[in-house]
Amino acid sequence: MNTFVQNQLKSFQEHQKNRGRLLINCADQPGIVAAVSDFLYKQGANILESSQYSTDPKEGTFFMRIEFECEGLKEKKSNVEENFKEIASTFGMEWSFTFSEELKRTAIFVSKELHCLRELLWEWQSGDLITDLALVISNHEECREIVESLGIPFYYIPANKENRPQVEKQQLELLEKYEIDLIILARYMQILTPTFVAQHPNQIINIHHSFLPAFVGARPYERAYQRGVKLIGATSHYVTNDLDEGPIIEQDIMRVDHRADVDSLKKIGRSIERSVLARAVKWHLEDRIIVHQNKTIVF
Amino acid sequence: MNTFVQNQLKSFQEHQKNRGRLLINCADQPGIVAAVSDFLYKQGANILESSQYSTDPKEGTFFMRIEFECEGLKEKKSNVEENFKEIASTFGMEWSFTFSEELKRTAIFVSKELHCLRELLWEWQSGDLITDLALVISNHEECREIVESLGIPFYYIPANKENRPQVEKQQLELLEKYEIDLIILARYMQILTPTFVAQHPNQIINIHHSFLPAFVGARPYERAYQRGVKLIGATSHYVTNDLDEGPIIEQDIMRVDHRADVDSLKKIGRSIERSVLARAVKWHLEDRIIVHQNKTIVF
Amino acid sequence: MNTFVQNQLKSFQEHQKNRGRLLINCADQPGIVAAVSDFLYKQGANILESSQYSTDPKEGTFFMRIEFECEGLKEKKSNVEENFKEIASTFGMEWSFTFSEELKRTAIFVSKELHCLRELLWEWQSGDLITDLALVISNHEECREIVESLGIPFYYIPANKENRPQVEKQQLELLEKYEIDLIILARYMQILTPTFVAQHPNQIINIHHSFLPAFVGARPYERAYQRGVKLIGATSHYVTNDLDEGPIIEQDIMRVDHRADVDSLKKIGRSIERSVLARAVKWHLEDRIIVHQNKTIVF
Amino acid sequence: MNTFVQNQLKSFQEHQKNRGRLLINCADQPGIVAAVSDFLYKQGANILESSQYSTDPKEGTFFMRIEFECEGLKEKKSNVEENFKEIASTFGMEWSFTFSEELKRTAIFVSKELHCLRELLWEWQSGDLITDLALVISNHEECREIVESLGIPFYYIPANKENRPQVEKQQLELLEKYEIDLIILARYMQILTPTFVAQHPNQIINIHHSFLPAFVGARPYERAYQRGVKLIGATSHYVTNDLDEGPIIEQDIMRVDHRADVDSLKKIGRSIERSVLARAVKWHLEDRIIVHQNKTIVF
């Protein structure tokens, strides 16, 4: 890896070494916040940021994200997690602690269109995308040079409808070898099989080049042009087995008019795709997203 | 009609009495702009605003809108139209002259939700919607007071699936009696029959409460909530016989997040619907819109 | 007051009768959230919404807003407030409880431009602005009819530079008589004296027709036109004794281009002013705003 | 220069070889459009796009931009220009023809912050910025590698208040040697002297990191933070001798809230700066901008 990026990541880790995040999800009921905040206080933690949401205060599901700082967290980590189990069991929580200095390991999948990849690499180099960018996989050679010049391993795996099983086998082996936590489909133009998706639930982020649910599927810009829309958009979502139907993380749009032909729509669209995907990825890396019933809560 | 509004409209007419608009539409070919601008020059007209667009400079369709000022236009009008026929026939044009002082006559159809009606009335009272607002028709009584207090005739025509033919007969008679040029469906929750639509081609503007083509049909906010979108929108379009498939005039969106329940989406949506419909209506009244193959060119 | 609005406000009060809001502000230190949430739990309250912010986790100021529901709150209110004093004193808090069913009492000041007033009245009639709209004061007669038709007392107090002291005396007496909590300057074109402002700290919301700090002072649209900006905006802020320098609550903009003359800028600006002011007022009414060192925290 | 980019530029030139643009500017008077369009028709040109604007139809200044296609334009060019002189003199026009295949030659000035430079290079590599990117000049070494890796000459010229005259002399010699038409200040943190600016009127585009006229001068993000604004923005403008007072080409903003500290504002701001500068540069390269009395008309 590039030394400059390495130094930035190290400095981030140093700065954040006592920081942790707690994500919670349980049936809404009185006393949750009191119990959790009291617990953190007793561990010596100071709450830096806290967000909560309930689908319904009476019978709903309760969600919470707390970011905290705690002197000597590195040493206490497993202790903190162990101690939390009692509260978690009392309230029937699903929960997870993550620690800011443990960087998530990311793989990017890309095809021929490189604008989303470039944006991610750019943000990563600028220290705005805090992740261990472990490898890039593509079914084309176009981006090899730019990826390898940054010291990131690049794997060229030609893919088409016929060889999908072998391709995915190879990809899954790489993901396992590199211990990948997050897969970013940065305009990767191959459909993943249910087998693949099942192994990475809520860990695959895709960018779709329309404001979903408009223009699900192929060639959205062509269809947007045909329909004569006055806005075009992009949607970042977790991948599920229903094509373009996974939980939406982020969307954005730009105005267009009758003068824009399909090529212009694509050009304008690129800048929306770039920023929408980058935002979604950042929120995932900061553990800001909880998936609930095919929707996302973004704290 | 309210005296204040009447005075505003009169002052508009006085100010614009020498202004006209020319809309053109023909196969693209060399010499169109030269011929048209030379014609206007010879009529003594000064071009105030001119816009053009071609779907393809080689084999496409050419569209043009010119706004011009011409001393003594009132007297010359029919002459100008007559003289233009030669050019029009040379280039095989579809064309129309409209004269700014001849106000379009408008009918508003509305049901129970009054926010779009209120916005239109408000803009009309402020002198920002230049039209002869001839009548309001509703299948509910909710807006009678507000409409009549402005001196606008109000017609209550209860409507449902069963009595549609009689209802539409009555409505069409009113539209004829009042010589209506433009029908605005300001959240009118009844579907119009093909017979009705056929009598007012490109003269009926609807507001749909989603960013079409997402959420065509009923209950779009409920479906937006279910899908977990991060943007909600509204679309103004001409009505055709395909439900929510007519040419789109204007769209806009606002950001929402997981905290917004269906009621919040509706509240946020109201302000988008209001402004999107008002913009579309204004453009129509200013003869800025040309419909071509189920799309709009908005000059 | 209009019966329809009255019924809506009553139904709101009924629905919210057990709801309260707690606003807190103190030096950041460990244990605040734990203590507060434990307190609420012990009062039998369920937290519906909670937001917090710290200017700096080490030496900063901590802010918190909690919305809670508590069976029988009406009866317990004074008790809850009394009991909280111990915690408040431990942490050195500034704090306040407000109860959703106690509507804030609002006065609107307006001059000749009525678009902001209309918007507020419209939102209020739709049940989207939950307040006891007690009176409207104007230095012009233009809005008397629209205000009185809604059953709201209207006071015409001609104002100019010369008679300012007498005018403000009269206004302050009215504000006292009507027990006003919030004063909205809906394009009120008179400057308030320090005496007046001092009596209503953080209780006067103004709408300024530019994106502050650009175009402080008079005639912002004229100056925006002169400068050739490509965006125009509006800013809602609390009034202090420095003209247009008070804490900003909300801002928004719209794009414009070279074609827009001063009149067009004003028209476009109106719709921004309307929505920016309405949002700011709603946030104030929901106790979402904390002022800190000439800035606002909006939860 | 990079072969890929070279090929893209060549293919653009091939595709556009018969295209030209005509910019006009004169006192408004009847017959201009007729004369110009008739002229182009007689040269065998087909109008592809035409825009016009008049500051006032009676006594104003008239502006026009026409993009046209003309078989064999390369050979006819000087002829066309020569023939146009008669019309130009009749109407007292300032005017210029430019030919799409003659690429403008561009220099980028940059300091330590590289995001704007990266965006421009990225757009240029993608074929979305059609220019002959001739050289990059910096007072720091940070971007040497990225610039040289694309085959673009890089000049490191250390600059400070003391050595300004020598530095500018060196810069001006380079601009002359490379025959530069456009200078882009992509976050170049040195002030240019009147001597420098005078040699490149309306040829220097700067990006300022605020929505001007707010926060003219140094440290705009720090001041935006102090003022507590709810929007931050960026402005691209031509450089004149009044700091940050030149004609505005493009502006945009993003929403921020109280949580954003100065560093966050800078991060958010980067993405606005990038896109605002890139749009302004594209419009300049396409001859879409006319400067008139310290304002821009962007066609």
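Going by the order they are written in, the chains are A, B, C and D; count residues from 1 in each one.
We take it that contacts are C-beta pairs under 8 Å (C-beta built on N, C-alpha and C of every residue); 3 or more make two chains touch, one makes a residue touch a chain.
It should be emphasised that the depicted structure is a prediction, and the values quoted were computed from it without experimental measurement.
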Interchain contact steps from subunit A to subunit C (minimum; 1 if touching): 1
Most widely separated chain from subunit C, with each centre as the mean of CA atoms: D
Geometric centre distance via CA averages, subunit D-subunit C, whole Å: 43
Separation of mean Cα positions, subunit D and subunit A [Å, integer]: 37
Residues of subunit A engaged with two or more neighbouring chains: none
Of all residues in subunit A, those that touch subunit D in their complex: 115, 118, 122, 126, 128, 149, 267, 270-271, 275
Subunit C residues within the subunit A interface of the complex: 28, 30-31, 33-34, 37-38, 40-41, 44-52, 54, 57, 69
Subunit C partner contacts - residues on subunit D that touch it in the complex: 53, 211-215, 227-231, 233, 247-253, 257-259, 294-298
